[in-house]
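Following this line, the structures themselves.
You will see chain A twice below: alongside chain B first, and alongside chain C after that.
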Partner chain A sequence: MKGKNFLYSQKVAPYVFVLPFILSFAIFWIYPLITAFTMSFQDIGAIKTEWVGLANYTKLLKDKVFMIAVANSTKYMFFTLVLLIPFPMLFAVLMDSNIVKAKGLWKAILYMPALTSVVISGTLFRLMFTEYKTGQMNIISQALGFGTYKWLKNGWSGMLALLVVACWRWTGVNMLYFLSGLKSIDSALYEAADIDGASAFQKFRYVTLPLLKPTTIYVLTISVYAGLAMFLESYMLWAGNSSPNNIGLTIVGYLYKRGIEKNDMGYACAVGVVLLIVALIINFAQLILNGTFKKED
Partner chain B sequence: MKKKLLGVLLSTAMVATMLAGCGGGAAAGAADAAADTAEEATEEVAEDATEEAAAEEEIPVSTFGDASGTHLEMWTFVELHGQHYGKMAEIWNEQNPDEKIEITCTTYPYSDMHTKLLTSLEAGTGAPDICDVEVGQFPNVVAGMDQWLVPLDDFAADYMPTMVPARMQTYQGEDGHYYGAPYHVGATAMYYNVAAMAEAMGISNDEVIAKIDSVVTWEDYQALGEEYKAAIADDSKYWTSVDTGGTDWLWLAMAEYGDDWTGGFEGPANCQLDSVKNMLSLQQDWLKSGLAQISPDGHVDLEAGFQNILDHNIVSFPKALWYMSRFTNYMPEEKGNWYIAKCPVFEAGQKCSVGIGGTGTVVTQQSANKDLAAKFLCWAKMSDEGEQNIWDTLGFDVCNTAMWTQDSFAHDDNNQFNQFFINYPYDVLNDIGMDNIGKISVVAISPTINEYVCTTTLNEVLEDPEYSIDDALQELQDAVDMEQ
Partner chain C sequence: MKKQRTLSRSPKRIALTILGTGFFVILCLIIAFPIVAGLLASFRPGTELIRRGLALDFDISTMTLANYTYLFGGNVDSQKYFMWYKNSLIITLVSVVLTLLICYFVAYGLTMYDFKLRNLLFTLVIATMMVPFEILMLPLYKEIIKLHLIDTYFGVIVIGLCSASTIFFFRQYLGGLPKDLLSAARIDGANEYYISVKIILPLAKPAFASMGILCAMGAWNAILWPLLVLKGAEKFTLPIGLNTLLTPYGNNYDVLIAGSMFGILPIFIIFLLFQKYIIDGMTAGAVKG
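This part shows the complex of A and B:
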């Protein structure tokens, strides 16, 4: 009798339905998160593990290479935001308008890179940016009369290469987010704007942009994380985790270097925790400024 | 309300994407070590790049031997290595009918395999009987010494007198026991493009070879280079290329002087060595005089390096003997052009080679059949039969010197490497001699040194040949001291 009540209880049912998610979230996300946090206070050796208090963190503060990694990741994140929000938005608006023909083809072309493996595309980009005279970039620069250039050995051009890969890969994805946002805007609003005599730009500025805000915030949030957590692109572009003067080293790259290459899991966990905190701070600041947490009027 | 919900959802998404980002990155990174031409010379890894890429999608598992025999589990990161054990298992079963074995070889991607092995050793369960460990990763694994691994001393004893000592020591633990069985020596030798030199200098191949053979010291080497440069009179052609992304030249210099910047197990690491300084200042001179260029993309073991060699922009460079397979795989057009010789030395009488790269195979303490596994492993990697198969299928310079002088082994004209080069590679090895192959330790501090040298020191010193070597080495030492 009691069992039957339980099964038919309307109070319990929702919990049963969300249980699979809660469980997998707890086991695969929350548990590792807590473990990583505790491990960041330990020195994890081959045979014994010791508590070392804040030693990993104090070492991190003095670690110049880590600072380079933080600077690189931050720069990369900043430039991906600058490049990967306005342009995909523009493309999405174009795709939604009547100006562009063969939209399906364009969408497919822009989205295709997201489906390819970074391992393969990264290797191809590495060969394109090689300092040898047969690389595409050097062929172009020689044709323009600039001679060959060591693309992957200088800070700015290394960052450029990373951003080229990022734009190539993510423009289509972000465009799709914006497209889905555009589809949800009621066409009656545009008709009303037309009647009021709004120009195309005014319609974009006063109708599209505000109504696209939730999508923009979503894209911004995930881009901040994607930017800070970038690793594979750099790993492939420099054929490993070591780049000249660490110009391609990212925070996650450094975490990988410490955790996997040097088997210093405690220190790597401290790097991970710092990354998490930095990313949370940036995103909460951004979300608060955008008014996401404000009460609705 | 709606906004609040969005806020909550976003916060959750943030944490999730963050973690997913890390997880995905590490896993994928693990898979693509195929392209990893790290300075610890993961030569086998790069060699089988295509195989590795395939390994991403499916994990190749093969079982060899007799199903009624003792079952052994083996992990590797190069499928070809597994096939070596498969072949050896068949021969073993024929020779040892009372101790038959069945071996299952699983090929994982490079980093995946090492991470799995370390995790299972730390956890005390789940490790295979036998496992390949790349030399750069070896310090992490050997840290557990006899609590994790089976000392191979007794099982290798029969072969020890003829094994290259430096190579066995590479896989020693802090306690002095041998924990890994090597595939190859990785002896460094000088590769010369005789055909290109003969053409430029207007003399016959034999005359060029005679000139190369008379090179003893770096001074001689430089003089021959100047002769070549004068003959070719072309600013885009160089005698050699120096590496900003690899430590091979510096390892060679240290081995010649008998130095070791890691300081071995006792430590501490000292990178401010005269051998290193001498080599770097020599290279700076070459760069200034136009005798050498900087290897495109950092070192010769990358696509740009192969192209540079194919274009005859450089005609000589030092590299371990496993680089022979790069010629057969990536530069088949060069067949018959190249000659292998001893490396020059700073002072006559010094050692003239150093073992670079490699993979040591270990037996874990978790194995239920430790003795059999260790016996089989040492036999498969050190006996005549084992070495023959290593040379034939893997193309490595084997560690058992007894084989070097066997005519049927060293001078087999069916072997692709014997066909490719002007001289027989094993003749060069015999000429060098096993006692003249030096060794640089691979210990816990090694990754730190290699990484700093390849990312910073070499870029400073070679990209700007006026840069003070002392300053660069001081910076290196400071970075290393922070870790020890």
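This part shows the complex of A and C:
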């Protein structure tokens, strides 16, 4: 009876509630995170595991394929930021205005790609970027007088394909994020701007943009991570983890290749640690640049 | 809703409306294109896909239901496909129910009580969102092997049960409920667990709806982790199974294209039914930053 009262007390109950999180955090987060670090200093063979110090990291620095993967992931992240923040923001502003009818329908259609599994969308886009002349991209390029092109066999066009998939999947989602940010802006501010005779551009520049900042930071943060950690889009676009001359290889793709396909877990974990450090640096940099750590005024 | 005042019928206004709406019509046509083209292609032989790519061909006379009759025909491929479909349904359903309950109770504990570790624990919830899953993937894989959970549904589900974003959303939602409810119930003699289940949980139904749909979408479409954990073809989920059909020879493209389109269906239906909740759930984190 005493045990029961103990569990039922207001002091103990919160710990019972949060217990699953503590367990899950310890077992499926902190433990693997620490293991990722320790494994990155090891050579993990089938029979025995050896400590090799920084050998995995020094090897990484000289690894040309890894450099290609880093370059691809960074390029992809950069272009997704350029494409998937300003445009969805403008689309959201337009959607929020009163010159658009049937908004619900457009929002639903624009969200559809996010519901589709990467396996399916990757397959559809691979068919559209086919080198045959009936693929959509070749129809367009022929119409413009360029003839057919091997889209998925050349570096720049491979990246273009990845970016097209990214824009297709995320434009609608990011637009909805910005739309919900816009909804939280007090319309009295726009009325005040009207009274002051502000133009549409001035209203956007001095009211909308600053007040959308929390949403922009959120979208920026998830986009940095999603961009750096992109893997499945490339995996599906090239039907497997190998693209000609590694044009579609990403950091996580390389991690998967070394860790799972070649069973070189120690080296793969070093790749993962580098990815983590890069992701954290970029995020802290943008948080500082955006003044998140400054005192609120 | 803002009422449009004087200009609502002027020619300038009408022209602007046509431009604004027209912009979204064009954008939506572009966005819908791959899915529409895929749907049309699913009514033609798979060999056409290999030969012509994803052609947009509205010619009804060359369409056939053959891919679908084959898919539903009860043959070997059909049995395989619906086994994957069933596996995906089971995994989705179980993981959604467990994730929602666990995350609700964790968020409840973090919101309704003032206790020593509260802020620390909430910081840890946020911290787990800061590390991409892909970095933990390999150590988790080794761990799952050690725990003998490899090639089991539980191994697929277990790592995501305490989803940080779900906890975060429930906490936002529960934070908006009046705490007087708790003290009133305590005065009536209700114990802590009774309050959390019988009094607060029914009030959180909209939050359950939002998060349930987002979790279902995630589980139905998950690829990377199930691809690592599930080894036997009889345990595959739908995306993993469809992925195995992607041979370079394309001999399976009939099943692949029809199966892909039929695989999108459950999520599309859920989305159309619960659209409002999805948008609420997804944007909860974005407004408050």
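What we mean here is this: the second predicted complex is superposed on the first by the 273 of 297 C-alpha atoms of A that agree within 3 Å, B and C clash if a C-alpha of one lies under 4 Å from a C-alpha of the other, contacts with A are read in each partner's own complex, and residues count from 1 in each chain.
Methods note: a residue touches a chain if its C-beta (ideal position, glycine included) is under 8 Å from a C-beta of that chain, and two chains touch if they have at least 3 such contacts.
If you're wondering where the values come from, they're calculated on a predicted model, not measured in any experiment.
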{"item": "Combined model on chain A: chain C and chain B, fit or clash", "value": "clash"}
{"item": "First (chain B), second (chain C), both or neither touched by A:Lys153", "value": "first"}
{"item": "Partner chain in contact with A:Thr58 - chain B first, chain C second, else both or neither", "value": "neither"}
{"item": "Contacts of A:Ala46 with chain B and chain C, given as first, second, both or neither", "value": "first"}
{"item": "Contacts of A:Ser243 with chain B and chain C, given as first, second, both or neither", "value": "first"}
{"item": "Chain B versus chain C as contact partner of A:Gly181, first or second or both or neither", "value": "second"}
{"item": "Which of chain B and chain C A:Glu261 touches, first, second, both or neither", "value": "first"}
{"item": "Partner chain(s) touched by A:Leu280 [first = chain B, second = chain C, both, neither]", "value": "both"}
{"item": "Touched partner set for A:Leu127, first chain B, second chain C, both or neither", "value": "both"}
{"item": "Dominant toucher of chain A (residue count), chain B or chain C", "value": "C"}
{"item": "Stretch in clash, chain C with chain B, out of 27-35, 63-71, 81-89 or 153-161", "value": "81-89"}
{"item": "Intersection of the chain A residues that touch chain B with those that touch chain C", "value": "29, 32-33, 118-120, 123, 127, 130, 132, 134-135, 214, 217-218, 225, 229, 231-232, 236, 239-240, 252, 255-256, 259-260, 272, 275-276, 279-280, 283"}
{"item": "Touching residues on chain A, where the partner in the complex is chain B", "value": "29, 32-33, 45-47, 62-65, 118-120, 122-123, 127, 130-132, 134-135, 152-153, 214, 217-218, 221-222, 225-226, 229, 231-232, 235-236, 239-246, 252, 255-257, 259-263, 272, 275-276, 279-280, 283-284, 287, 291-296"}
{"item": "Chain A-facing residues of chain C, complex", "value": "2, 4, 13, 16-17, 19-21, 23-25, 27-28, 31-35, 37-38, 41, 49, 51-56, 102, 105-106, 108-110, 112-113, 115, 117-118, 121, 124-125, 128, 130-143, 158-159, 161-162, 167, 191-193, 196, 217, 220-221, 223-224, 228, 238-239, 242-243, 246, 248, 256, 260, 263-264, 267-268, 271-272, 275, 278-279, 282-283, 285-289"}
{"item": "Chain A residues within the chain C interface of the complex", "value": "8-11, 13-18, 20-22, 24-25, 27-29, 31-33, 35-36, 39, 91, 94-95, 97-102, 104-121, 123-125, 127-128, 130, 132, 134-136, 138, 168, 171-173, 176-177, 179-181, 183-184, 187, 213-215, 217-219, 225, 228-229, 231-232, 236, 239-240, 252, 255-256, 259-260, 265, 268-269, 272-273, 275-276, 279-280, 283"}
{"item": "Contact footprint of chain A on chain B as seen in their complex", "value": "1-4, 6-7, 10-11, 13-19, 21-22, 24-26, 28-32, 34-39, 53, 56, 111, 114-115, 118, 122, 136, 140, 143-144, 147-148, 244-245, 296-298, 302-304, 307-308, 447-448, 451, 454-456, 459, 463, 479, 482"}
